[in-house]
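Below are two complexes that have chain A in common, paired first with chain B and then with chain C.
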Partner chain A sequence: MILSHPQTTLEPRAKRRSALKSALKVMKYGFFDLLRSRWIIIYTLFFLAVTSGLLYFGGDANQAVLSTLNLVLLVVPLISLVLGLSYYYYTRDFVELILTQPIGRSSVFLGHFSGLALPLVAAFLLGSGLPFLLAGVRQGADWRVIASLMVAGTLVSLIFSALAFWIGLLNEERVKALGIALGVWLGMTMIYDGLLLLFSILMQAYPIERSLIILSLFNPIDLSRILVLLQLDTAALMGYTGAVFQRYFGSNLGILASLGSLLIWTGLPVYLGLRSFKRKNF
Partner chain B sequence: MKRLVGILLVLGTALLGTTWVYGQSTLEVCPTCSLTSLKTAIAQANPHDKILVNGGSYTEGTILVDKPLTLEGLNQPILDGEGKVEILTITASDVTVRGFTFQNAGISHTADQAALKTLEVENCLIENNTFLNNFFAIYLGKTKHCQVLHNTVKAHATSESFSGNAVHLWDCSEIVVKDNYLSGQRDGVYLEFVKDSLIENNISEANLRYGLHFMYSNNNIFRNNRFRANGAGVAVMYSKNIEMTQNHFEDNWGSAIYGLLLKEINDSRLYNNVFHDNSVGIYVDGANRTDISFNDFSHNGYALRILSSSMGVTIAHNNFYGNSFDVTTNANRSYNAFLENYWEAYQGYDLNHDGFGDVPYRPVRLFALTVENYPQTMILMRSPLEQFMDYAERILPIFTPKAIEDDRPLMRRVLW
Partner chain C sequence: MVSLKQVSKTFGNLEVLKGISARFEVGKITAVIGPNASGKTTLMKSILGLVLTDDGQILVNGESAFQNPVSRAQIGYMPQKAQFPDNLKPIELLNWVQDLRDEKSPRLHALIDYFQLGPQLDKPLRVLSGGTRQKVSAVLTFLFDPPVLILDEPSAGLDPLASSRLKDKILEEKRRGKVIILTSHVMSELEELADEVLFLLEGHIVFQGTLAEIRERTGEQKLERAIAKLMEGRAL
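Showing the complex of A and B:
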């Protein structure tokens, strides 16, 4: 059944305001629903435990940042995808119900998506940010390193929950969607880097630093890693290659480009999800 | 033992040189005294007299000290070279220079003009002086039994060719350079053809080129110095029987910049040094029979880069932590020994609780080797793939050099 929206006679501005209002309302439901779910609590506690443990036992704040970076690169995308998908299927009935109401589809989708993404981001920021704020700063961690880690984690959460929604929308079957999600996760965390490695080895005779920089823009996980790396491992990034990377990613233009690319990475799946949501025949 | 005797000899004779005062008389120089010129005072003085300079500023061109004298400054008298000439040239033995401020020794591209230069002398003592904005500051040429103590050297050099070294020793022996602060020159301490000398308790920082630089200088001791943020770190080359202990190498950043570069250093010992925050902690390019023990390597890009041109280097009881790469090398073989070091990255276990890990540790990671051979792969640093590669290599080691292996890695940090 395709729902036809009742024609409203509101002014465009008021229309927009009411759309935002509805989106916020939908988000509120999702948000509190998810906050009550034990998975998000376990996710928060997991980060809280791991980060505090790393800070407590590691003794070195920068070392803890490094280990947390590994979590951000591996665990955050995976959890965002899996949790996103299960949330999507779990709330399908609710969404179908909402769609019978006189609310635009964009509002429903955006509200629904933020209802998932914001708790995920909040869980990450709370779980890993709090220990760093409490202990990391005292242990002499560089605030820039921590800030870049938080930005990277936030964006990765957003990107992969948006991807989860999009994958869910395209697939009626849960198992198939989960398979695709795992494929995306593996591809972005491992296989893409493997191809980069292969590329660098095959093309070793050529100055491929610039091409590598461009290629890294196509993978949000690589991008967020490099963002943190530039704050942290500067000492190892010396030499010609390191200098090229640093000059690019360290410059304002480079930072803007990487951040911009990450934002596009966030926006694109949201847009694609929205498009399929609008067209989808529930 | 031989070296110790040498040092004692230096100290002993230098002490003798300064206290040998039979029939000494004192001439006073000050702006209001009868003597207002240091040059005139030196001309009038008898050997072993003392010239006391009380305040004032003296621009007398190059002052030549050609007889054994004690020059002592009270209230920091200033000797000025006006950016043109060398200030004080000492050509006699048994000279003491104490308490002066030397400034503006002239830059020259044909002569090594210094604020204070000794040439072919013995038993001199240079202490408590301040050197500001000179070309070379303290220059000892063909000098023996000399002490350089408690001096402060500051300059604001901007280019290597328009700047000399803070302490420059050329063809010297039995020199003591101690408790000096050296900054802003080309090299902090420079030694060429110097032997049996002691460089101790100096701070050498923010020099344009090297904090410490020596070549062809055997049998020297470098102890408890701090080399910080120098243009290219510290480079020691073509020397043997060197002892470097308790030094700090810190904040040396940039490509081709090292905490310490060892180039053709043989039969030497490096103990209790701290390498912290350098792009490369130690770059070993051709060291032989050298012992690197009880050192701390922390937060460096590369803690230790050891090239295959090295043989018989022992790396034992060191601490490696917080480095991006602990050890890298450029070959599959290695003729150096890694023993009982503490590696933060070690993931083995110690079942019998003897303090040593039961599984050998290979500090050269596969990823480090990959980066060494294909520098562009640096972009994959800290990626999950890197960890996967290292993990796979740990289980099935085929690529990393088998020779670089610590059979008894320590479970806890070495305390020294």
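Showing the complex of A and C:
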């Protein structure tokens, strides 16, 4: 737009407050709509069943954390992507209706996204947190390990549902978007690790620690795994990148580094989604 | 008043609006007509801020329509096909929008009665027929008594009773001094409602005037024939 826009009369602070209020109202809608859908209930029950099962049969709580971790790193990204995309397309027309109301686009996007992401996080925390809480009371579990698993699952839910929104915003076609999402999932859960392994075998003769650490920063799933495994302090379980991380940073700094990178990873897709949403023609 | 100054919009390499300038006056119903894909919907969505224009200026009662939510407080919009969340009931939807805008409408119950929505208020929107949803959309459009109304094929899918009630409502709002912009392919609707016609062809306004002027220009007495002639570009 080249010509000037008349400014609104609201003070900046009042404007921010009303933007936040609108975002919360948009969120409230999505939140309750999703809670009524059966998918989120199935998702919660799935985690409840699997985590309880692992705890019951696995015996040791730390071992159950490990098994749950592997499951979380596979299932949470997939469900967040698929559920995120179907929610995005299912609400697309409705978002158009919200945008015809006097509410800014940032509020609509952030409210809409939280309306999806918070139920997902809640389902994960309830489904896998509750069994650990109950078992932990009995078995005297290591709270730090369980807490790091909850943090990792929460951040992975946020990252991949934000990616789903962004992919949806960039693609009008649902099928194409789903294909891209599955590609992202396969790439980050499996292919990336395979390539990393291949890289370290081929470069065996060279000092590649630093480059491995840098490479693992590019994959939020690796980062989440490292975050939890560093708490366990058993190098044998860490896998190659985890072990390198611990040797390079030490446990505490390693935790900070992986957590920090994960937080950046959470912000990035939300920001990219917001940017496309603000520029989109509906 | 709604005014457009040299508004243009390109999607990819498709130029949809090519420097449109127009004014929509208070107390007047303007029908935007033109063949499919002539830019009608893009024009309306630009006024609503749903489509972000590349160039030019759109003012809605003095407020720019570009990335400015304040301008949308002035507009009631009835889309061609209303889409609502399946799990919601009409009454929940209407209450939610009121909550969203922080504005309770004193017109709510009168409008529900007027469009005879009472019996359907408590059923989920997914089980309601297209016509009933269209009535919900009509209630939403008039709910906050906005000074500007944008109606995209408003009576499509409505039964004759609901359709004539809607038309009466539109005429009443016109008398109350609203700016009304609508599209329609139904000739009788244009005859009944439109004070003025704005004719779009390939992203340009090729004609603006009254229905009588269209007839005069084309030499056709039947409105449908006259408009068809305009669409073929024969009378320009």
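By our rule, the second predicted complex is superposed on the first by the 255 of 282 C-alpha atoms of A that agree within 3 Å, B and C clash if a C-alpha of one lies under 4 Å from a C-alpha of the other, contacts with A are read in each partner's own complex, and residues count from 1 in each chain.
Quick note on the criterion: contacts are C-beta pairs under 8 Å (C-beta built on N, C-alpha and C of every residue); 3 or more make two chains touch, one makes a residue touch a chain.
All figures in this text were calculated on a predicted structure; none of them were measured in a lab.
S.K.: Identify the partner contact of A:D33: answer first if only chain B is touched, second if only chain C is, both if each is, neither if none is.
M.R.: second
S.K.: Determine, under the contact definition given at the top, whether A:Q101 touches first (chain B), second (chain C), both, or neither.
M.R.: In the superposition, A:Q101 touches chain C alone.
S.K.: On the A-aligned overlay, A:L229 touches which partner chain: chain B = first, chain C = second, or both, or neither?
M.R.: First partner only, chain B.
S.K.: May I ask you to name which of chain B and chain C touches more residues of chain A?
M.R.: B
S.K.: Using the superposition on chain A described above, determine whether A:S251 touches chain B (first), chain C (second), both, or neither.
M.R.: Neither: A:S251 stays clear of chain B and chain C.
S.K.: Should A:N281 be classified as contacting the first partner (chain B), the second (chain C), both, or neither?
M.R.: A:N281 sits against chain C, while chain B stays out of touch.
S.K.: When the two structures are overlaid on chain A, which partner does A:N70 contact: first (chain B), second (chain C), both, or neither?
M.R.: first
S.K.: Within their complex, state which residues of chain B touch chain A.
M.R.: Chain B residues touching chain A: 253-257, 277-280, 299-302, 321-322, 324-325, 344, 370, 373-385, 387-388.
S.K.: Spell out the part of chain A that touches chain B in their complex, as residue ranges.
M.R.: 60, 62-63, 66, 69-70, 73-74, 189-190, 193-194, 196-197, 200-201, 204, 208-209, 212-213, 216, 221-222, 225-226, 228-229, 232-243, 245
S.K.: Chain A touches which residues of chain C in the complex?
M.R.: For chain C paired with chain A, touching residues are 5, 11, 45, 48-53, 55-57, 59, 62-64, 66-73, 75, 77, 79, 82-85, 87-88, 96-97, 99-102.
S.K.: Under the touch definition given earlier, write down the residues of chain A that touch chain C in their complex.
M.R.: 1-3, 5-6, 8, 21-22, 25-26, 29, 33, 36-37, 91, 93-94, 96-105, 278-282
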